[in-house]
Amino acid sequence: MSDQNTEALEPITGIEVPVYLDYNFTAGRATARFLTGVKNGKLLGQRCPSCRNVYIPPRGCCAACGVATEEEVELSNKATVESFTIVHIPIPGNPIKPPYVIANLVPDGANISFLHVLSECKNEDVRIGMRVEALWKDASEWDYAMENIQYFRPIDEPDMEVEEIGRLKDA
Amino acid sequence: MRDIAIVSFVQSDCVRDAGAQNEVELIMPVLRKALDAAGIQSAQDVDFTCSGSCDYLQGAAFAFVSGVDPLGAVPPIKESHVEMDAAWALYEAVLKITMGQAESALVYGFGKSSPGELPIVLSQQLDPYYMAPLWLDSISTAALQARTMLDNGDITEKDMAEVVARSRKNAKSNPHAQLKGDVSVDELLAEPTYLSPLRKHDCCPVSDGACAMVVATVEKAKEWGKPYAVLKGIDHRIESHNFGARDLTQSPSTQAAAKSAGVANGPVEVAEIYAPFSHQEIILKRALGLGDDTVVNPSGGVLAGNLMMASGLSRIGEVAMRIIRGDIKRGIAHATSGHALQQNLVAVLEEA
Amino acid sequence: MADLAAVVGIGQTKYQTKRKDVSIAGLVREAAFNALTDAGLTWDDIDAVVVGKAPDMFEGGIMPELYLTDALGCNGKPMLRVHTAGSVGGSTAIVAASYVQSGMFKRVLTVTYEKQSESNAMWALSNAQPFSPHLNAGAGGFFAPIIREYMRRTNAPYDVGIKVATKDRLHGARNPLAHLQLPNITLKEVEDSPMLWEPLRFLESCPSSDGACALVISNEELAAQSPKKPAWIRGAAMRSEPTMYAGREQVNPQAGIDCAKDVYKQAGITDPRKDLDCAEIYVPFSWYEPMWLENLGFADVGQGWKLTMEGATSLDEKGDIPWNCSGGVLSSNPIGASGMIRFAEAARQVRGDAGDHQVDGAKLAMGHAYGGGAQFFAMWVVGSEKA
Amino acid sequence: MSASAEVLSQAFTLGYTYTRSTGPVVGRFLTALRDRKIVGIKGSDGKVIVPPMEWDPVTAEALSDFVDLPDTGVVKSWAWVKHPRGKHPLDKPFAWAQIQFDGADIPMIHCVDAGDESAMKAGMRVKVRWAEETIGSINDIACFDPA
């Protein structure tokens, strides 16, 4: 911008076009129920009436069976590492500093994993099958967001057999 | 193309705001009913599935991905998606069936337009350098088109009001319609203009919802033992994106598609026309070559409720269901996309 | 039965970080025009146009095919727009082929593109919606744990991905259209590149490119009049499964297995490693080569990495089944076009028109694309002969 | 209110400032706008198109024959916006119009600041009102004034 006059003589080859659209987003019923649970410090999954698998976060239906899920199941704060990655680049808008661990976590009682941050351990010690628990932020900070869980951290329990991760179902 | 049997069709109610129903929750009920009506269990029981939707309606990329969730696509299915009205998803299914790769197909469309300011959202369908930065909305381009027609003497404001009055009246028998009732032409003309020359009632409402259809080869439909309507012809054409280079008072793309689909090969008892603005129904009626003996938009058309990305397929479904119910023997349906009728599809349906 | 169809024209742009010299339509037009020229045709010879691209938000225009009508000579013709996430380039080619295979059209143009430099869509747009119950860690954050699970299952050595990344860039150096031109790349250079999503390093990930790819597909009669050798479409298949469901196998997705079986059956392939001469497979992250080698039946489950390490997929090492001779997605990635580039490069091989990355005497080749959470698959097999 | 009945709604903005490269034809037009000039292009049939199209809408031929034009023209069609939307170029009632520049054959769409609907009619003459600062954008034309 130092030399406006010189720049003004250059032909236009590129332009900046702001395209900002305003929406009023309403969460789906399943998501709203799940996030309302999270707001109250609870992880609520939904059980498929057909295959009996428990989904978290619930999406309103069991994608395998194509049927609506209604039955709510409160899940444990404990979970198992199904897999993970050590991330060396920052998440936009997230204060956590790299390198940090993002893990696929299966909460006890659920049959599917979700991604969350794993901390309070050396990154190189993280392994598939490791047992962890949710560390919730102070209740005063709870909102309709998974960030209510600050991160998951290891607990002193033996690793789960890989074949069992996400496979355990209640009768 | 070969004859295609339309076996079932279901659409949701047109509602102004579906609130806490997400796409999956909008799709699931209509899918269930369409599959039930065809006597089949899930997407596993058809050879091909195709959907139509638009990410920008509710402002999330990959909206169609969650659309797969209610299909029960385990084991995996043959599936595709068009970023268009689901009438074009049906077209893709017609290709697959005609080439012999599928004997049956599930087609669905869904749209949740309520979260955004739809006419402004649709302004971004326009040329990204010359028009989109002006936020030239979809009602305004239609209003320019209507003005040209009025100035030309092609139509009068009374003609436009008559289209609306008939839509509202016909919609009384359509349980899914959003706007319906008895209203006189004089009452409509007494309303103030909204985006002159258009009055608010000349414009379709914003609606949320979904629709689904099951189609098959005629042989397969017979095997299923369900009544069906026959899709005899379908074609679609697009026109220049430059409004100035088009004659906005005509729809040559509709005319060409109608000719190729075989509209004139028999009497047209019913025509369901996707005209989001009243004057466009008149343009389309002329382009389709329809006379006074054709009943236009007996459902009320999209002036009574417009499910973006599903309305085109709904037009075809409306005609199909009339044939299946035995009300008529032959009808046509039309779908449109883009501003001021840039792209058009025409389908011809007959009794089995 | 489906009518015979063949690729009679192929057009691509040069892939690069930013094509500053063209509009969006200019980019798309360039590939389409190159395809017409390759086929010895003009706009009037085209009966319909099929356009594909990934999310509209990448360039911020809604249903941009409406605006592209004039650039593609489509006024008065049928135009269809496909969007099936990352697999869209492949799906679009398959939909275009079905226009001809149905007997409803004689000759169609299909074009896919992405002008990724118009935005930084991956990050800028991904956090927009409120109430997302998911943590967003980017594409790498999604795929890296799946790769780690593959490594655990197979005990593959740590450097398989490094080998793939190096191999595909050496292939890319033979292809003047490839975005990354790294003729002197070494294994050490890849290994020393910054770690992004462990185990994925910077050089084990695809670039972000501007680019477009187009094909002209015609029926048997018109293919015979084509000035250059046609690539006959011997099989085409698509499969989808949901992103997430309980018990989903993510390392070796069923949709990929089923899709490959379908396309092999159509093409009469019983042993893909033996029967195919080469393959263009969607590998945006290095480790997806060994994973897809197994998923697509080129190797037994658990053995894919051995093919890679033996050099079986390398042109430079004279492997028996070269993969991604063009440099693959690891060398060029205009997302919406990437699948069609795979399909086009497979066709170039069987036309004997692949320049310095030609596999000698290639007669049968496969093009592959996948998208979403490795849940949407599109594949075709093309041959130098009709059957 | 029970937890399951809770409805979660929140406003959000989906957006990005896109960096568009223009190519030679669009770039030429936008450069002219920055210089407060209008340039059109000749179509395959010799008709002058404004803004210049990169390819002919009928023949699909690449176009390159530019024509300088005055910043005055005539309204071919118009629509009156009684209640401008937040993103519209003018924040008071205005007309969208198809405006054919003098010497052009194909009209373009922009807005006219006519004050009142009664001032609008097909055939009326208009003149570009340039933006205070021109940067190479379609918005360098702030609007058209009745002339």
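In order of appearance the chains are A, B, C and D, and numbering begins at 1 in each one.
The working rule: a contact is a pair of C-beta atoms (placed from the backbone, for glycine too) under 8 Å apart; a residue touches a chain by one contact, two chains touch by 3 or more.
Values in this document were obtained by computation on a predicted structure and should not be read as measured data.
Counted as hops between touching chains, the shortest connection from chain C to chain D is 1. In terms of the stated touch criterion, the partners common to chain B and chain D are A, C, listed by label. Compared on C-beta pairs in contact, A-D and B-C come out with B-C as the pair having more.
Among the other chains, D has the CA centre that is most remote from the centre of chain A. Centre to centre, using the average C-alpha position, chain A and chain D are separated by 44 Å. The geometric centre of chain B is 33 Å away from that of chain C, both derived from CA atoms. If you average the CA atoms of chain A and of chain B, the two centres end up 38 Å from each other.
Centre-to-centre spacing of chain A and chain C amounts to 30 Å, using the average Cα coordinate of each chain. Among the residues of chain C, those touching two or more other chains are numbered 20-21, 23-24, 57, 59-60, 70, 75, 125-126, 128-131, 242-243, 245, 248. For chain D, residues touching at least two other chains, in rising order: 7-8, 10, 12-16, 18-22, 26, 30, 53, 57-58, 137. Among the residues of chain B, those in touch with two or more other chains are 19-20, 56, 59, 66, 68-69, 71, 73-74, 117, 120-121, 124, 128-129, 132-133, 240-242. Chain contacts here are complete: no pair of chains fails to touch.
Across the complex, chain C is touched by residues 1, 49, 54-56, 59-62, 64-66, 68-69, 71, 73-84, 88, 91-92, 94-96, 98-101, 121-122, 124-129, 132, 235-242, 252-253, 256, 337-339, 342-343 of chain B. Residue ranges of chain D in contact with chain A, taken from their complex: 3-4, 6-22, 27-28, 30-31, 34, 136-137. Across the complex, chain A meets chain D through its residues 8, 11-27, 31-33, 35-37, 40, 72, 144.
Considering their complex, residues 18-26, 29, 43, 57, 59-60, 70-73, 75, 117-121, 124-125, 128-131 of chain C touch chain D. Every residue of chain B that touches chain D in the complex is listed here, in rising order: 19-20, 59, 117, 119-120, 123, 128-131, 133-137, 140-141, 143-148, 151, 193-198, 240-245, 248.
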